[in-house]
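Take this structure first; my questions come after.
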């Protein structure tokens, strides 16, 4: 038997090649032939939404290269340039396409850097909520019994607090506990935690539901008969099969997280004003709304709205594409 | 053309050159390819085949319940000489139920769980027959009695979940019989049931149809059910009829190599064999149906001709077989088989 | 229970008084408020049988009779409520015997009914088949494992290159072959097959049954075969047990059971099979249906449908007795009213 096996390995081609490279190619091929790509190609709105999202994400990622100025580099800021209106207006300056704020920072640049903070906080809190939610959901669904009951009751209780209130609460506690400088340093993590913690319930519930279904399927029972430990069954068998709906929730949650971050920053409990996010920019800008410098608040607001709308549209499309029954 | 007109005169149902297609983004799939058959009044025609052979689709096409994107691409369906495949929805709906009844595999999904049995029966009866509530209820009761529901008078006001699987299928049969249709399409009516219940339902269906003179198209994958109930049987393979004929003849002296293999692959109690006959391979997927005879890659007697030329149904004894072995030139096939 | 036909050889698997109840009570709050009692489904209610090495023992019965539960109890997917399961004389049934179960578990594998649900859709066939090899650390090294997987796939009539593909690319019969390859990968001696062909078309069923028979001869496997199809059971098994509402009503050598059935339920089942030979045999369809296992009839559970039922059958559950190697639980047989 061993000789045969070795002979077979020698012949090489007969044996399936499971290398990473092969898998990547295969994955790309499957993606190209998949129903998801097909439905994507047939939905113009989705293509536009994806393009808008991609542009915003890419410019946020490469902010240092894309943005005309670095608004946080004090050397490039000149107070003489304060409160210039957008370039196409009478007093506009071509160096500042969307005008400048009261300190002479270009609005376009602050938006690009602000979007980086907004998206960063959004993604981080989604990932945080996803890990916590999916983990607890898997445990709840697979183990069942008392563990399930306890996790789900905590979820119920948590749901009775509005997300914003919870975030305010977390932030308040953090402010109370941490010294001022530490808090400013950690503000972004506090923000991620407080937005994330209010979002895990949805993941947990969905994953628990799918886990209950998957756990009774015969392939999971087969793995149990084979003698695999529960943790491996959960991670390698159940997890990949419950991730479809999670991706939909995550996309829609991203839009929600960005909004929540903006709201918190607008209320002044978000990131520190020295590194403003879109919400902070709107907050700052609203003071100037009535003194005529409308562009300071309007453009960040518009970008925020467009970003959230685009991400939401992507989420809607993903839900339809993954769940053909809804169409 | 003249032939089809004459045969549809005496036949209750006449299907001519039916072709069902599924347009997909990978091209058009042909699920049923040019099949023709008749059902005589009062006759039970069994349609047997593996999953994907197109037997259920044929039934669905006849009652006009093909699910889009499936569509009848060619061919004609006549009911009592009247063409019904191109009828507008409203007219077809009236025929369905009034002239063609339907029984499906899962009795649970054929009944509305929110309505009592009485309400469902009365509604169906009144849709098709001019009866008032009291008369309709009386008819419903009579029907339940007829399909063998014990103490029907008490149970008529019960809801579907209060019935067992076998009893539910009896109710579904009663529903199908409401308007005294001339034809019933029964799609796997016993598949979801246990053997002992299966036997009850088959004998009930058979008895009722003989009494009322109702013809049945009995779609199933179970040769045993066919042997029990059908007068004639059509064996389908890859969307085509491989063999059609009197049930005794097809079962005892199967002619098409596929039918022959199929019969050998069924284990029989009392006949101990060391190994079942096995047809290697599997029925091709719709997108991979080979040229010529669709069975040729699995057929031990396939010749070059089978790989290029599609066989048409040939008369052999009382049956018709779509196999080149039974062509005018290859009559020997019959004798060869008959001599076995 | 001294069976004269026992040849003294120790059975590979021996099940005695096996019981499994499922709690189907309403939730606690509803029970308190609506004064409901706890209710249980007696899915398996005291079952005993032995399987000898190299045999194929089949359990037949209608849906809900508990045959699949027995299979799952034996492979350890469920814990028995009571009773013993001995594998090679080692007790592996009760919760306390977890260590013994763990030791014996690798000897058994299971093949499931639904070829579409029994393979993880996200895994490649090679990974699926290799899972038992990894779990038992039978081979080290990627190449060795892959070579063995190729060998296993060849053994079940697929090609080694199929390992690269995903389950959805295969037909039902091919998937069942993959399932069998996975079961064999763990090098078991005992295979529990839960309706392995009931989701397949007849021609494919014949292929799978032939394959399983082949493998049994070549690898010396022992099968526990669960099925509702009597003809299939007749074809594959050496011994057959007939189950009704959680109990084994009759078990015997296949020939004996089919040629001379004793229990009225066995007779009824045999009579219900459609007659493919068209002998024109007049069948008497049996009245009634299987009652709910939550509230089974008193005494012998079959008595409401039994033509031989007497008062005694309504009150007293019959114990299994042995007549010429046939185990039957029936008062009418015991009283000599049926022979």
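Labels A, B and C are assigned to the chains in the order they are written; within every chain, residues are numbered from 1.
Rule of thumb we're sticking to: contacts are C-beta pairs under 8 Å (C-beta built on N, C-alpha and C of every residue); 3 or more make two chains touch, one makes a residue touch a chain.
Remember, it's a predicted structure, so these values are computed and weren't measured experimentally.
Put simply, the chain nearest the middle, going by average C-alpha positions, is C. Look at the CA centroids: the one farthest from the centroid of chain B belongs to A. Centroid to centroid, with C-alpha atoms defining each point, chain A and chain C lie 49 Å apart.
Between the CA-based centres of chain B and chain C the separation comes to 33 Å, rounded to the whole angstrom. We define each chain's centre as the mean of its Cα atoms; on that basis chain A and chain B are separated by 54 Å.
On chain C, the positions that touch chain B within their shared complex are 62-63, 171-174, 201-207, 209-210, 213, 228, 230-232, 234-235, 258-259, 268-278, 283, 285-287, 289-290. The touching residues of chain B, counted against chain C in their complex, run 50-51, 164-167, 194-200, 202-203, 221-225, 227-228, 247-248, 251-252, 261-262, 264-270, 272-273, 275-280, 282-283, 285. Contact residues of chain A toward chain C in the complex are 1, 4-6, 8-9, 14-18, 217-219, 221-228, 237, 240-241.
Across the complex, chain C meets chain A through its residues 72, 75-77, 102, 105-106, 108-110, 112-114, 117-122, 124, 126-127, 131-132, 135-136, 142-144, 146-151, 160-161, 163-164, 179, 182, 186.
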